[in-house]
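Down below are the structures I want you to see.
Next come two complexes, and both contain chain A; in the first it sits with chain B, in the second with chain C.
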Partner chain A sequence: MRLVRLVARGTLLHVKQMSRSQFEIATALFVPLVQATLAVYLFRAGSEPHRMLEAAVGAGMMAVWTSVLFGSGGAIQMQRWQGTLEMLMLSPRPPALLIFPITLATAVTGTYAMVATLLWGGLVYRIPLDIAHPLAFVVSVPAAILGLGMFGLLLASTFVLVPNANAVNNALEYPVWLVSGMLVPITVLPGWTGPIGAALPTTWAARAVRESVTGAGPVWPSLGICLAISAACLVAGAAVMSYVERRARANATLALA
Partner chain B sequence: MALAIEARALRRTYRTRTGWLNPRRVEIDAVRGVDLDVRRGELFGLLGPNGAGKTTTIKLLNTLLIPTAGSARVCGFDVVTQTREVRRRIGYVFGGDRGLYDRLSALDNLRYFAELYGVPAAAQKRRIGELLELVGLTGRERDRVEGYSRGMRQRLHIARGLLHEPEVLFLDEPSIGVDPVAARELRSTVAGLAATGTTVLLTTHYMAEAEELCDRIAVIAGGEIQALGTADELKHYAQGRRVLEVEAFGVTDAQVQGIAALPGVRAAGVEVIGAGQVLTVASEAAVDVQSDVLRALDGVRLGRVTARQPTLEDAYVAIVNGVDRPSVAVAA
Partner chain C sequence: MRLLVVGGVIAYRALFNWARPSMFVGTLLIGPLFQLLFFAYLGRQLGVADDTFYIVGNAVLSATLACVFGGTIAVSNERRWGTLGHVLLSPRPRTLIFLGRAIPYAGNGLLIAVFTLTAGSLLLGLRIPASALPGLVLTLAVGSLSCACFGLTLGALGLRFRDVWLISNVSLALMMLLTGVNVPAAHLPEWMRVVGGGLPITHAAEAARRLVAGDSLAAAGPALVREVTVGVAYAVVAAVLLKIFEAESRRRASLDTL
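Up next is the complex of A and B:
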């Protein structure tokens, strides 16, 4: 119970801290608009204009992934700049419990990006919110976001060690969009990308959300696989984080100087 | 004798690599074999110039860094292998603007760190209230930290460091950049903590602060402890000296160098205070250099001239001036 309280309070604190940044607010306002526009024009140009909502949801998932990826790396870099990374690590808790609320907070702020993308799609491009399984959609979006937050912990463990995490972020954003089939169907990608996509929780998260929107398949198996892979990432991330924290103390990378 | 902190031959070398095509490895010995014993309930000062190894020593003791060699124990627990046990028993406060969630209130910051340090939920409200009262932030606890003055931030740092009632408190230059009134309040808070049995390890640049607060003081320079004792014991390092202070307006560097070279003069320095300067000349006790110094200042407008006994600051300068800088090794 105390662990749940700790994670909940930590997540709330980091969500509040992130949501009060002017940069974050400006990004949160405009990026979903760009994502929705991208999705709409891609699908209008294609042969399936009726799949606009699917495209908007895919764009929303892209926004969630971007938020988790840049949030995990950026938030840890931000903690380092603020001098709070050392203060967090100094508390008598396993390092994973200190970082997980940060990655979860980035996923929660990503939820907003999903909602904003759908709203922009509706307001600007008149995409109707005609969701096949509304209940499944309402469950799968937060569950997928929770899953991506858990995956974020594994990513974050590398960011504690590497002060220049932004370079890693940039290299991971677009490839994961692609191989996870968030916007472009996996079937049009080369065969060798299949196993990579199947191993990523982002793929299953995007699939579960898409299935809830289109009704093209059962949502729960995809969501289950997403959460199972994410849980494995959480366990691996927690183990790696303890090792990484020790390395960071040896290499003096917890502080800026 | 119960020890709160013990360090044996503590050493820390920083290794950095620069360049891609022609990489160079640079090694800096920040701490070079520090031995330290701090008794429980003692208020212990660590004095030293910038880059002397004060902060690195504190970070080695509070588990933020792993020593390259040597060992240290805090409250009987090893800082490398029993990290969690050490962390439960220590608080860490550092000076400056960083280390807080600026866009949140003091209450948000304190609540989260209370949770992190395992303060029971039922006790959190009372404990936070007590600490806000102690550091004088009651009534401002719901304001965002970004609107706080440097002194208020510093007091919030202290409140956070005390949430879990640590046995040992590390204070790393807590009064840096704080105005004199706030610094006095800070000293009073620290003295109060020591009076209740908390062991305090304080690093500072301010001699008066160290002299007023600390039971014992170690002077660290070049990564090594150069002197250790009470303030009065340390003043012996300046024994055999007398100090002449001259208020002046327009002393040049050449004149200071000329004075430093006078027979019997051990050191000379000038400090700018407001619109004027204070020239401090340390000389051998048996030699009266006053007339020679005044002759060297011919043509300079002078104010008060005083001769005084050496202070802790004079002793500190004497200790630090005799030390080499830490070594930097560069390898291709």
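Up next is the complex of A and C:
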């Protein structure tokens, strides 16, 4: 229970902190709407205008991934710049438990994008919100967010080992959108991308949310696989985080930007 | 000429913090290439347009990342690193100092666009007629220069507004939508086409598509002239804004305020 409280309080704190950044707010407010508009016009122009709701949901999931990728990938670097990394590491808790709320917060702020793209599609482009399984949708979106937050911990812990992690962040946005089938169906991609997509929780998260919207398949297995892969990422991320912390303490490089 | 070219190159080396190999490859080469693949596969799936449309369009668009952010960096990083005052103390013409900074970014944009076009064509099997190549390089260069002038205009806003990165990010997102690079212009509403016509890249993409389709440079000429006009217009706007905001910053003693 204390563990849940720590994560919940930490997540709330970091969501509040992110909500104070004008850049974060405006980017998170505006860019997903542009992406959703682009998706709407593309689907309208194409042969599948009936998949507009799918396009809006896909654009929302893309924005959630962007938020997790940039927020989690740079989570530790951001704490360094703010001068709060030492405080976090001084806390008598495992480092992963202190960084996980940050990565979860980036996924939670990405939820806005999902809501905004659906509202934008409904209000501006009159896309009917005919969700096939509303209950499954209401469950699958927060579960997908939680899964991506757990995946974010692995990103946060491994990217800190990579020099110029920003370059990796910038290079990973589109590939993950692509192989996860967020907007482009996986079936049209080359066969070798299949195993890569299948190993990513983003693929199963997008699939679960899409299935809840279209009713095209069973939601729960996809969601289960998403959470299982994410949990494995959480464990791996925690292990890497402990290793990084020990190494940084031993080498006295914790606060070095 | 020395001030324009040498000054521009020195400023590029000093200010463009994406010029490190890892950052350059990850952000400016791999990112745009995957953007091209993403839209090409989406376009295939939806039957909106063929691969050529997306390869050429996204190759032209790929220059925007270096040019728009570069133009912004060229002005606003001076302020961020506390060197803006030194630049403005110089007795040389400001317009030349700052416009010269657009040139290396345009060169950078051209390099990225050529790489993206080549890699995209090889991966997706596009054959470009050899006769189209000189015109295509000219078109990509004009598009990059026009885009760098647009970036400089946004950079000028950095003298007035604190968070200019926000404006750059939003502008890039809007360019993806409004320039007709990923959604054929015929499928966009009239007002979006009008706005897109005033943005860099729109006309360069049109010219590049004509050239790849086998048209002559003369046929692509009108679109190329429109792109040049847009670029010159942004260069003028950037010069005017830099003058206005510099004067205002001096008057309000807010030159180095972050």
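By definition in this document, the second predicted complex is superposed on the first by the 243 of 257 C-alpha atoms of A that agree within 3 Å, B and C clash if a C-alpha of one lies under 4 Å from a C-alpha of the other, contacts with A are read in each partner's own complex, and residues count from 1 in each chain.
By our rule, a contact is a pair of C-beta atoms (placed from the backbone, for glycine too) under 8 Å apart; a residue touches a chain by one contact, two chains touch by 3 or more.
This structure is a prediction, so every number in the text was calculated from the model and none was measured.
Because the two structures share chain A, they can be overlaid on it, and in that overlay chain B and chain C fit beside each other without clashing. Contact with chain C, but none with chain B, is seen for A:174 once the two complexes are overlaid on the shared chain.
By the touch criterion defined above, A:37 lies against chain C but remains apart from chain B after alignment on the C-alpha atoms of chain A. Within the superposed three-chain model, A:23 lies in touch with chain C and out of touch with chain B [touch as defined at top]. Of the two partner chains placed by superposition, only chain B is touched by A:98; chain C is not.
By the document's definition of touching, neither partner reaches A:4: not chain B, not chain C. Across the superposed structures, the minimum distance from chain B to chain C, using CA atoms, reads 8 Å.
The residues of chain A lying in touch with chain B in their complex are 2, 5-6, 9-10, 13, 16-17, 20-21, 81-84, 86-93, 98, 246, 249-250, 252, 254-255.
In the complex of the two chains, the chain C residues touching chain A come out as 20, 22-23, 25-27, 30-31, 34-35, 37-38, 41-48, 163, 165-166, 169-170, 173-174, 176-177, 182-184, 187-188. Residue ranges of chain A in contact with chain C, taken from their complex: 22-23, 26-27, 30-31, 34-35, 37-38, 41-48, 163-164, 166-168, 170-171, 173-175, 177-178, 183-185, 188-189.
Within the complex, the chain B residues that touch chain A are 14, 62-66, 84-85, 87-88, 90, 92, 94, 96, 98-104, 108, 111-113, 115-118, 121, 160.
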